[in-house]
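What follows is chain A paired twice: with chain B in the first complex and chain C in the second.
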Partner chain A sequence: MKDVLQLARTHVVTAFRERVTLFWFLIFPLFLLTILTLIFGQLGQEATIHFQIALINEDHAAGPESFSALIESTFVRLSAPQEDSDMPLFDLHQAPQGESASFLETELSELRRGDRAAILVIPQGFHTSVRSSFGGESSGHTLELYMTDASVTSETAAGIIEQILSGINREILIRGNAYHTEQAVEIKTEWLGQQDGKGVSYVDFILPAIILMGFFTNGLFGVPGTLLFNRDRKVLHRYWVTPVTVPRYLTGFALGHLALCVLQFALLYTLGRFAFQANVSFSNPQTILLLLLSAITFMAFGLFIAAIAKTANSGMAVANILNMPMMFLSGMFFPVAGLPTFIRIIVYANPVSYLLEGLRKSVGVQTGTLMPVQLTYLVPLAWILVSAMVASRRLRWDVDP
Partner chain B sequence: MTQVMHVRGLAKRYGDVRAVDGISFEVQHASLFTILGPNGAGKTTTLEMLEGIREPDAGEITILGERMRRVTRAAKQRMGVLLQDGGFEPHLKVKEVLQLFASFFDHAVSIAEILERVSMTDKAGAQVRTLSGGQRQRMAIGAALVNDPDLVFLDEPTTGLDPQARRNIWDIVANLKSRGKTLLLTTHYMEEAETLSDHVCIMDHGKIIAEGSPLELTAGLGEETLIEFRLDDPDTQTLRQLEPCCKQIRVSGSQATLETLDLRETMARLLDWSEQTSEEFHDLRIRQPNLEDVFLAFTGRKLRE
Partner chain C sequence: MRTFRALLLTEIRNYSRDWATLFFTLLFPLIFVLLFGVLMGGIGDIDQAVVGVLVTTDADFGDELIDLLLTSGVRSVKAYTDASKLGGAVEDHVVDFGLRWDGSTLHTLYDASRLQENFAFQQLAEGIAADFDLLRQGAMTPIQVQRIHAGDVEITSWFHLVLPGILAFSVLTAGLFAVSGHLTQMKERSILDRLLVTPMRPTALLVAIAAVRLVIVFLSTLITLFVGILVFGMRFDVDWLRYCIFVVCATFGTMGMGTVIALLVKRPSSAGNIANAMAMVMLFMAGVYFPIEFMPQSLQAASRAMPLTHMAEAMRYVTGVQEMGDLRFWLTSMVFAIVGLVLFPLLARYVVKPSRR
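Right after this comes the complex of A and B.
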């Protein structure tokens, strides 16, 4: 057992002393988390960001001076070209007169595909109902907001729309001289495929993805890198003249790899939690299981690459080729819902997609579903199995004579 | 137990090349056994089969009383191996490398003692990538000694080292021998074989062509003395005049070697010849035959190309 532990320690120690490794495994994900959170975490102030939203005003009857018209005009104004920036905040899609019902249907499917960030509906009788609430009654004056949590854009758009509506709320209260009423407009938010509708911050949404990305890079580059360089520089050759065996070496290596993943997780979580006030918790058993499954899947995938590559350099090249498509076509950074079919095939074969969605759902930042739920564990397990089979057949542990 | 290792009919081929062609030998306890030969003679392949990292195509190995087709894990517990070319994790510290290797064995010597034995105590905290060639090699020997092995393999331990570093390694090897270890060494340096060995086995083209103690091997060539010198413009024809008093005359490039049983006679004639032909000779050297000459006598080639 002491040999296995020493090998694990060696793996961790050398990873930390090698600057390049350290950069890719720890600094880069930390850096990315910081950058993404700083840029997208405060989207409310960023007018250059552009959202596709739909507005359906079913309360036309209330007339141009109504609160319904006030809301509509506010959004229309925000969608008009801005003086100080090139892009307006919203690209507004509005229902043609009298076709609101069928329009909502089309827009909802756009939302599901990721082509809309949000849909806001002003229901019929909204103005009257708000008016009457100034008299003390308070019922039925809610706006309907449709979002999907399968998309980052929708998450951020939700926050912005809610801010705008709270501004309108204040305006309505002033106009109605109804200072005693705290809330004139209530928003009924409807998340597609959703059970409970609490909003999440961007950092909560991106943190699981960054952690997964860290594990992914660690497996994809770290495993074949370390194994093949050690083999090609004949470090392994020296081990085989001692009583140490391949299974024992591999056990030690795997243990060291998992230790690195734990360290990676701890650092990223600490940064997200304390520097960016992430609320997301990774402590439930399903989350821990998924994190472990992710680390193992990507390690197995690294072994697969090591097995199909002839040398350390070709292994790194293969890892590079696979890195980008697998990471981007997983929903890690942008929604994959609206992509063409042939690219979606990659999304569905990609273990990262399942692990990411599973992880986001288990920590409660996503409830909508793109990937088939029953495959969350099956697809990564299939990858582990295939990788293990290929590695056990094809991976060479020593240089040729 | 006097015999530590016994090899019968050991063979290994790579494609059409018979790297090791059915060799047999025995290694006695507490002795230093050397396999001497030029590059590509099959020395390393032989050792790698005995170390358990190459599977022999044929033959039988007996190590420390245990007969085996392929070297077992139990046998490895009692062996120490210095490979000719092996790497180390460049970012590990010397003592970490030794700790790692020590963890591979059931029983290990203390790291401090190993460091002491290979004179690396002051480098214990240095990372491998900062070491010089000689220091690296001493650490590598240290890694081969962590289990206090009964049988030590040293594959070309001094190749590529400067003379000072080579001497340091020789000291370590001599010390191991004095502590009763059995050593199996390969080298293509004949001084090394001559200085260190109890028994030398000369290999060429995968076969053992001569075997014995250094003294036995050189004595086998006869009682002759060698006269070596360099000529500016060697004239082989006129050198032939010296033939009656020599056993053999060899000229290669500007280098001439005379083998003689009667040194006084030959020297006198050589000086006469020089006078007559007004040939100047340089770097005159008179010496007894060495292992290089043994190799030459058996193969007609020099040890080093």
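Right after this comes the complex of A and C.
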């Protein structure tokens, strides 16, 4: 037993000495968790988005009580500095009176260059036209919203401006006695898959995926990398002249590998919990079982690659080819539900898909089922079995004499 | 000239035998494009959304709600008669979101785990709900909004911006690894030492490496671009002259950066690893996969300091999916060219020197 533990320790210490290993297995998952949470964690929330927009009011003559002035004042209010030091939604660029045409030209150039997200133009006669629409004389007036398809920012800003105008529409109708708030349709949002009815926070959603990604890359690259490089450099050969046998070496190696997975998990969980306030809990038995199953499945998969590769370099090439498709076609970062059938075959054959769905369900961030539930354990177990069989038949533990 | 030709041929042979490098320069961008093309094809696109709707039997305006949905631009509308079935359809992603109308309340149902898409679905649902509210009161919308596309380029999905980003990433990796990977590998295998005792001039070797890399970069980016066009039916309005100028400048520029990495590390083999790590960090920070405008201000500033951000923007410009001022394009290209022309020939001499073994 002592030699097994010594081998496990050696595996961990060697991993720590390799800076590349440290980067890919520890630092990169931490970096990815940080950057994805920072970007998507607050997506669409107020005070986290800020747009440079321009407003041209050509209907100044209508006066301060006009509908044109209502629109203008709404956008000015949304651009005013916030008391809580949060950034306002808009940075508003307004046309000086009488310079609308030249201002629009300048702003359009800014929009094309990406320095403006959108330009809203209130045309002359807007107020009168809207008022006449209450008497059925016209069907309202059109505001021009300049934006560009080539920018996601512009698309998003245009959507938000339309929502604001939708609110102003209601305000105008109320003023014109054409809308009755007591008869308004009540709108209720329901978040399915959450017991408290609230949405899932991004960090809770992504944390299980990043943990699984860490285990996956550890198994995919770490296992064949260590075994094949040790074999090719005759490090393993030296073991075989000692009393260490292959099963004992493998046991020690597996323990070391699991220790690295535990360390990965601990670091990622600590970062998620304390830096990004993740609430997701990994303490229930099913979650622990799934985490253990994941670590073993990916280790077995690593042995499978080591068995089919002739050299360490070819092993790394195979791992690289499989890495991206297996990771991305599992639903880790992008939804896979709407994929074409021929791609879905890969999703269904991919053990990561089952482990990820199982893990997300066990921690309570997913309720829907893309994979048949009973396969959550069966497919990864089948992969372990197949990998073990292939490895036991094909994996060479020493260089050819 | 004969020396150079021999070196060039050797480099071509070396490259064609180096399966790992070939994979990373030619096949890797293709895998990226195929994967992301499939995955990002319909993310958050309203015209791809499938909406589930349930109108309870005694609710008025049910038909009007369905008519409104049918004209809202979504891909399809599925009617349900049971609330649990509608909920199940949302959770199992049969529909993207659901609407349940009971005569006084319009319930919008989302799957909480679809975090990256719900933002677009919510915007769509809120628009539909607002229109339905007015329709039910018989009120006409006093303000109509007409979207006017002001740019010269028109794109249909975010993936149109992702693909040129992947091309820029190919250029970055090919350039970075030319020195930090290839040259340092030659050094580690003592190939450089053998070459240096011949009458070969180090400049000839550097030019040969640069020439082969340049051809490979062109091949790689063109293959990736055409796969995008053929497989995903994408349309790019490529300005070939600017495309060529930018690819040459950017490749040289990134070769210069690779040289700096190669000079800074103690062990030659570490250079490739550092370049790899740097490239991966930049890939996520440079707005290749998600717009940098979505990042917090501090990360946006960091992103602006990364060469890949400017490379991706310039590549989008030359492929006709993003606008950019002429001055900015030439400035970006010239900065890369100057970095390459100054750093690569000057510093690479020190990498080639036998004393740095």
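One rule holds in what follows: the second predicted complex is superposed on the first by the 247 of 401 C-alpha atoms of A that agree within 3 Å, B and C clash if a C-alpha of one lies under 4 Å from a C-alpha of the other, contacts with A are read in each partner's own complex, and residues count from 1 in each chain.
One rule holds in what follows: a contact is a pair of C-beta atoms (placed from the backbone, for glycine too) under 8 Å apart; a residue touches a chain by one contact, two chains touch by 3 or more.
All of these numbers come straight from a predicted model, not from anything done at the bench.
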Touched partner set for A:F276, first chain B, second chain C, both or neither: neither
First (chain B), second (chain C), both or neither touched by A:F25: neither
First, second, both or neither for A:V235, with chain B first and chain C second: first
Which superposed partner A:Q6 touches (first chain B, second chain C, both, neither): first
Touching partner for A:I187 - first (chain B), second (chain C), both, neither: second
Which superposed partner A:E162 touches (first chain B, second chain C, both, neither): second
Chain C versus chain B, contacts on chain A by residue: C
Common interface residues of chain A - those touching chain B in one complex and chain C in the other: none
Contact set on chain A toward chain B in their complex: 2-3, 5-7, 10, 13-14, 17-18, 230, 233-235, 237-245, 398, 401
Residue ranges of chain C in contact with chain A within the complex: 19-20, 23-24, 27-28, 31-32, 35-36, 38-40, 42-43, 48, 87, 90-93, 104-119, 122-123, 126-127, 129-130, 132-134, 136-137, 139-156, 158, 161, 270, 273, 277, 280-281, 284-285, 290-291, 293-296, 299, 321-325, 328
Chain B to chain A touching residues, read off their complex: 14, 45, 48, 51-54, 73, 76-77, 79, 81, 83, 85-89, 91-92, 96, 99-101, 103-106, 127, 143, 153
Of chain A, residues touching chain C in the complex: 19-20, 23-24, 28, 31-32, 35, 38-40, 42-44, 48-49, 67, 71, 108, 111-114, 119, 130, 133-134, 139-153, 158-159, 161-163, 165-166, 168-170, 172-173, 176, 178-180, 183-194, 198-200, 202, 205, 313, 316-317, 320-321, 324-325, 328-329, 334-340, 343, 360, 365-370
